[in-house]
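Lettered A, B, C and D in written order, each chain numbered from 1.
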Amino acid sequence: MAMLTMAKALNLALKEALQEDEKSIILGQDVGYDEGVFRITEGLLKEFGEQRVVDFPVAESAIVGMAVGLCIAGYRPIAEMQFSGFGYHGFHQVESHVSRLRNRTRGRFTCPMVIRMPYGGGIRAIEHHSESREAIWAHLPGLKVVIPSGPRNARALLRASILDPDPVMFYEPKASYRAFREEVPDEPETMEIGKAQVVREGNDATIISYGASMRPVLEAAEELEEDHNVDVEVIDLLSLVPLDRETINASIRKTGRCVVVHEAPRHCGPAAEIIAGIVEDSMLYLEAPVERVTGYDLVLPFFNNELPYMPDVKKVVSATRKVLSF
Amino acid sequence: MPRKKIELRNTIESLSILDADGKVDKKLEPKLSNDEILSLFRGMLLARRYDERMLRLQRQGRIGTYGPALGQEAASLGPAFAITKDDWFVPSFREPAGMLWRGWPMARLMLWWGGNEIGATPPEELNDMPICVPVSSQIQYGAGIAWGLKLDGNKSVALTFVGDGGTSEGDFHEGVNCAAVFNLPMVIVVQNNQWAISLPRRKQTASETIAQKALAYGMNGIQADGNDILAMIAATREAVDRARSGGGPTLIEAVTYRLGVHTTADDPKKYRTEEEVEAWRCKDPLDRFWKYVQDKGVLNEKSREAMEEEIAAEISAAVEKSETYQADIMEPFDHCFETMTPALKRQRAEFEAYLLNGGSNGSPHAASSSAISQVH
Amino acid sequence: MAMLTMAKALNLALKEALQEDEKSIILGQDVGYDEGVFRITEGLLKEFGEQRVVDFPVAESAIVGMAVGLCIAGYRPIAEMQFSGFGYHGFHQVESHVSRLRNRTRGRFTCPMVIRMPYGGGIRAIEHHSESREAIWAHLPGLKVVIPSGPRNARALLRASILDPDPVMFYEPKASYRAFREEVPDEPETMEIGKAQVVREGNDATIISYGASMRPVLEAAEELEEDHNVDVEVIDLLSLVPLDRETINASIRKTGRCVVVHEAPRHCGPAAEIIAGIVEDSMLYLEAPVERVTGYDLVLPFFNNELPYMPDVKKVVSATRKVLSF
Amino acid sequence: MPRKKIELRNTIESLSILDADGKVDKKLEPKLSNDEILSLFRGMLLARRYDERMLRLQRQGRIGTYGPALGQEAASLGPAFAITKDDWFVPSFREPAGMLWRGWPMARLMLWWGGNEIGATPPEELNDMPICVPVSSQIQYGAGIAWGLKLDGNKSVALTFVGDGGTSEGDFHEGVNCAAVFNLPMVIVVQNNQWAISLPRRKQTASETIAQKALAYGMNGIQADGNDILAMIAATREAVDRARSGGGPTLIEAVTYRLGVHTTADDPKKYRTEEEVEAWRCKDPLDRFWKYVQDKGVLNEKSREAMEEEIAAEISAAVEKSETYQADIMEPFDHCFETMTPALKRQRAEFEAYLLNGGSNGSPHAASSSAISQVH
């Protein structure tokens, strides 16, 4: 066990992949000599060489599209989009091929690839470096969408994503890269993709979230307990596709009240799907409307104004109190 | 010198071997055995007759919209001939000649146009990709396959096709540039058939040739007469040899012409003249090669007749095969992911209930036929 | 008044725009000499010339991106993506500039442009020509998403979209282009963007839909009345952004039961947002879980198998009966 | 001839006028008045000192990540000088010299890097676009603006910048190709500063020059010494004149070098040698022009001192102005659409309640500083 940041934990998972499977290959802008702009690929070029860790021209569509070709040729690419805000440049390749190749060829060809991208706000970055648009991928059939929240699950989920026979969009909450450390086992560890975790048990209300928002959510849960004597259950989704409706519903049936939290814009965002699922499965258990604490339907402001526009402890606490007082 | 011309490493050449009158440049003529000439002619003829039959099937409503490749047979067959089974064949959508040559069961191609994924499923033994619809997007996976081949160190190449219109897409640029940067064993054939639906070549790009686009990538490029199967074979062989020996990718512009409709939903009279089409009809790759085949004494009118009959029978058999194909209506649920997600299991059950409850089994389509006839 | 198909009605709105505003300009693949692959731009090149109706190279990102530049230069572009399945190639330009320019420049520059695209299945088209991915645009802040359902509203909404000072993604249900005719007034007519229409009043349940799905929905409504003596209210949303929650909620508060219908995949699709909004505003009025009749979370099968995978009368009827019998 | 070289309409030349030793090619030297030379030098110096101050401000935590353009002053100032106010200036993100020359209030540029949209708001009187972050995406609106100018028939041009890395993007290709097809009055300056973050130019594209990429589009291209302001002025003037007279777009490769970090989050030691940087430092555009300015007798050490002081004061004033700027926290709701939608009205009310209830007013950031220091 070592105490690692998420950045280090991700690095570990990548290293394991390169060690264990000679067909795995990392490609992206500045992932080699620069070791990634967030240093997630630190040491990998040195250990595995230029053939396995490939610095790519500034061409996101080719990163995605050529990764498809690598899959066809029997490789297992792990692609990095430098920021999720530039992943859109490869959107058409994802929609047209990554997500469809298995279906189109009835399984003759598949895309066992991972597309990693740092997402989310709160780090004083310039425009286009802070958005959360995971919902656009979650809506495309044929993709899995995985979003870790801490060092340990980041490593285990990245490993699982790399081993997964299907394409995974792996959203990394960049504000959490170095925000805290956790014990991460030395031995390779995987987690099943599509299983949410109840990270805090409680009876009064359920707070559902994922990724970077887990930090304010957990802080809010403590504040609710200490200051308001409220005992909330907290669910970390860990993946949006597959979505673990079982865990969500079990909790809702217990608490009857729910708040969903994410940085992404509200309209047609992940919270909407979660709420629709709750209505379908557990409507009669709901004792209050579900509250959404999300980004507004605005482009996240430039960094000087971004914080108030993001979910925070205060917003989560007040939404929870609202569902409790309904 | 403070202002001086920059000399480039590569120059762009044009290549033609068998001209429209059937005259051959002996110096450049690729060596082909009589058997090879025979099978090449058969390949062209097969593709031509396949296209003609497909157009009829479409008119009879037995397949959907169809996009023929009439007049472009040499441009995909020549390159397909010039590679081996181990090499990869990555088509766009105007390469039935090449695909049939590679060994795609004709019935599968028919099933593609009949709206079945089995038509997009390359048989296990082929290193082939299926028809690709989003223009130029195949360039990227073509380059990615070439990359894989290079990593494997196995000397194979990825032969990838795109249209003149496709060269305007960002995907073309990104894929070809990266192929050159990584020095990949890739051959890109641009079937410049002069039109992208209604947009003429000169409005697609202001460059004099498509071949010169290679200069932007610091790679080899050549313009070949795409209606001249000998030129296409020679140009591709040269490019493939270079790629195999580590010389990187080549861009081949095949100058050809789409003699028919863009697809059966298209009406070319809206945008081009009959004279233009006529002028190109005189350069028909099949007629031209037919002269060559006769000159070589490989076939004559009579033996061709027999070949025609054989081909007609082959096509009819494929039609029958394709029309007896029964798609499994539940199959899509099995091919989204290797393991069905809980959501899909649930939706599958919902769908099953719907079918049991008398839901539509797929026929016939509700949309008005007038809408159908306007679809590309 | 003339009886027009939707194709003709859209053509009329385009013609009016070119006549009324010399700064309006149509650009897209094959919109000029070919008059559009669906003939929506019929006669326009002839009447307005090559400067106003521009055949574009096969470069979707440039269609969108250059339209942004035209807006900056004071023009009002009406761009066509030949099929919505190729609109993804311009996704990054839409996300990065079309949807943000006003915000980024505090209104100094704006994007009064329309991006038209035919969408939807059911016309036996080849791969990539039948999808419904309107939700991905609806999730991006700064865009309006408008989807007509018939000739008359198509003309009025396209006109309103062209006149709108902000960018509008205009999704055209191609299966409805020539499926039926309606009276369309000779005089220019507009409709307010963001107002849904109650196209059929009823008390037992509310069916909410838009675009191509309105046809099976209305047929289902009749069947429900005739065969099952059920009196449904039908709402045609007409736009996903803005979403007319007022009209939706008024109806739900009356009927207490709801079915949402669209061709788009279910997960994170428009129906989820509609349901989340109902929960927020009218949960206590809901007498049954809301049913979703949508595309499955699959790529729409090639056309030979596509119909059973789309919403149809039977599915809408049975979902409605389900919410009624809850 | 069946195999022959294709002669292209355009050739690619290289241009250099004022070399690294301060030697001038008199034949090519653009005519500049002493006033112009003076203000050009001031413009370069201002940009250099601005960059230096911004780097300090960043280290002091008074702005966010900063991307300097040290060493690239000539490459954006020369072109900016060669156009008029009526022309459009469409920057990427390495053109502070050009932007300041155009008339951007320095405080606004500082506010951009301080995280405020006002920094992206071009003053009403400027035909300028703001800094553009998604690499190469500005090429498209640059081309669109040029298209509008052409439709207006007003002889103005759109001067658009991009980096060497940017040439690999699909957007570069689509925009430049369309500019050539539509024969637009556009000048594209590629600031080839040899690096795209850590990727060296030779791994970005296999072409010998960036300028030759013009051949792919059948348009004019030239490679100019980007550290030579005279060459940049001359090349741009030639391109602008051609564009104004209907001759279409030109691609100018400005060969320059990023002397500093990519951004303050970057550590160039990871990927390039100090020797390389040193070699380029000898070609510093400012030092070189300083020799020229002295030779012309326009400034001397002493008058330069005065200029330095004036510039220092100007920058300090801008810092102060930018640091007293108060953003309106509610403003984003006003600028999403011209008229706020009902959903946004509702969310605005929600947000207002949050603020009234003591919500964060924007300071200070929660993320750990170690995360911040790693962001590009």
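The rule is simple: a contact is a pair of C-beta atoms (placed from the backbone, for glycine too) under 8 Å apart; a residue touches a chain by one contact, two chains touch by 3 or more.
These numbers were taken from a predicted model, which means no experiment stands behind them.
*Asks:* Taking contacts as defined above, which has more of them, A-D or C-D?
*Replies:* Of A-D and C-D, it is A-D that has more C-beta pairs in contact.
*Asks:* What's the farthest chain from chain A if centres are computed as the mean of the Cα atoms?
*Replies:* Most remote chain from chain A, centroid-wise, comes out as B.
*Asks:* What's the distance between the Cα centroids of chain A and chain D, rounded to whole Å?
*Replies:* 35
*Asks:* Report, in whole Å, the distance between the mean C-alpha point of chain B and the mean C-alpha point of chain D.
*Replies:* Between these chains, centre-to-centre, one finds 43 Å.
*Asks:* Rounded to a whole Å, what is the gap between the Cα centroids of chain A and chain C?
*Replies:* The computed centroid separation for chain A versus chain C comes out at 30 Å.
*Asks:* Just give me the whole-number Å value for how far the CA centre of chain C lies from that of chain D.
*Replies:* For chain C versus chain D, the centre distance works out to 40 Å.
*Asks:* I need the residues of chain A touching at least two other chains; which ones are they?
*Replies:* Only 56-57, 59, 61-62, 85-86, 89, 92, 96, 103-104, 127-128, 141-142, 241, 243, 267, 296-299 qualify.
*Asks:* Out of chain B, which residues touch more than one other chain, so two or more?
*Replies:* 117, 120, 133-134, 168-171, 174, 177-178, 181, 203-205, 331-332, 336, 341, 343
*Asks:* Going by the contact rule set out above, which residues of chain C touch chain A in the complex?
*Replies:* Interface residues on chain C, with respect to chain A: 85-86, 88-89, 91-92, 95-96, 99-100, 103-104, 127-128, 133, 135-136, 138-142, 240-241, 243, 264-265, 267-273, 275-276, 279-281, 283, 286, 288-292, 296-299.
*Asks:* Quick one: in the complex, what on chain B touches chain D?
*Replies:* By the definition above, chain B touches chain D via 2-6, 8-9, 11-17, 19, 25, 28, 168-174, 177-178, 180-181, 183, 203-209, 211-213, 215-219, 223, 248.
*Asks:* Under the stated contact criterion, what part of chain D meets chain C in this complex?
*Replies:* By the definition above, chain D touches chain C via 117-118, 120-122, 124, 129-130, 133-134, 137, 139-149, 151-152, 158, 170-171, 174-175, 177-178, 181, 331-332, 335-339, 341-343.
*Asks:* Which bits of chain A are touching chain B when the two form their complex?
*Replies:* Touching chain B: residues 25, 51, 56-57, 59, 61-62, 64-75, 92-93, 96-97, 102-110, 141-142, 144, 165-166, 194, 241-243, 245-246 of chain A.
*Asks:* Going by the contact rule set out above, which residues of chain C touch chain B in the complex?
*Replies:* 7, 29-30, 32-35, 37-39, 55-62, 82-83, 85-86, 89, 122-129, 174-180, 266-267, 296-299, 301-309, 312, 314-315, 318
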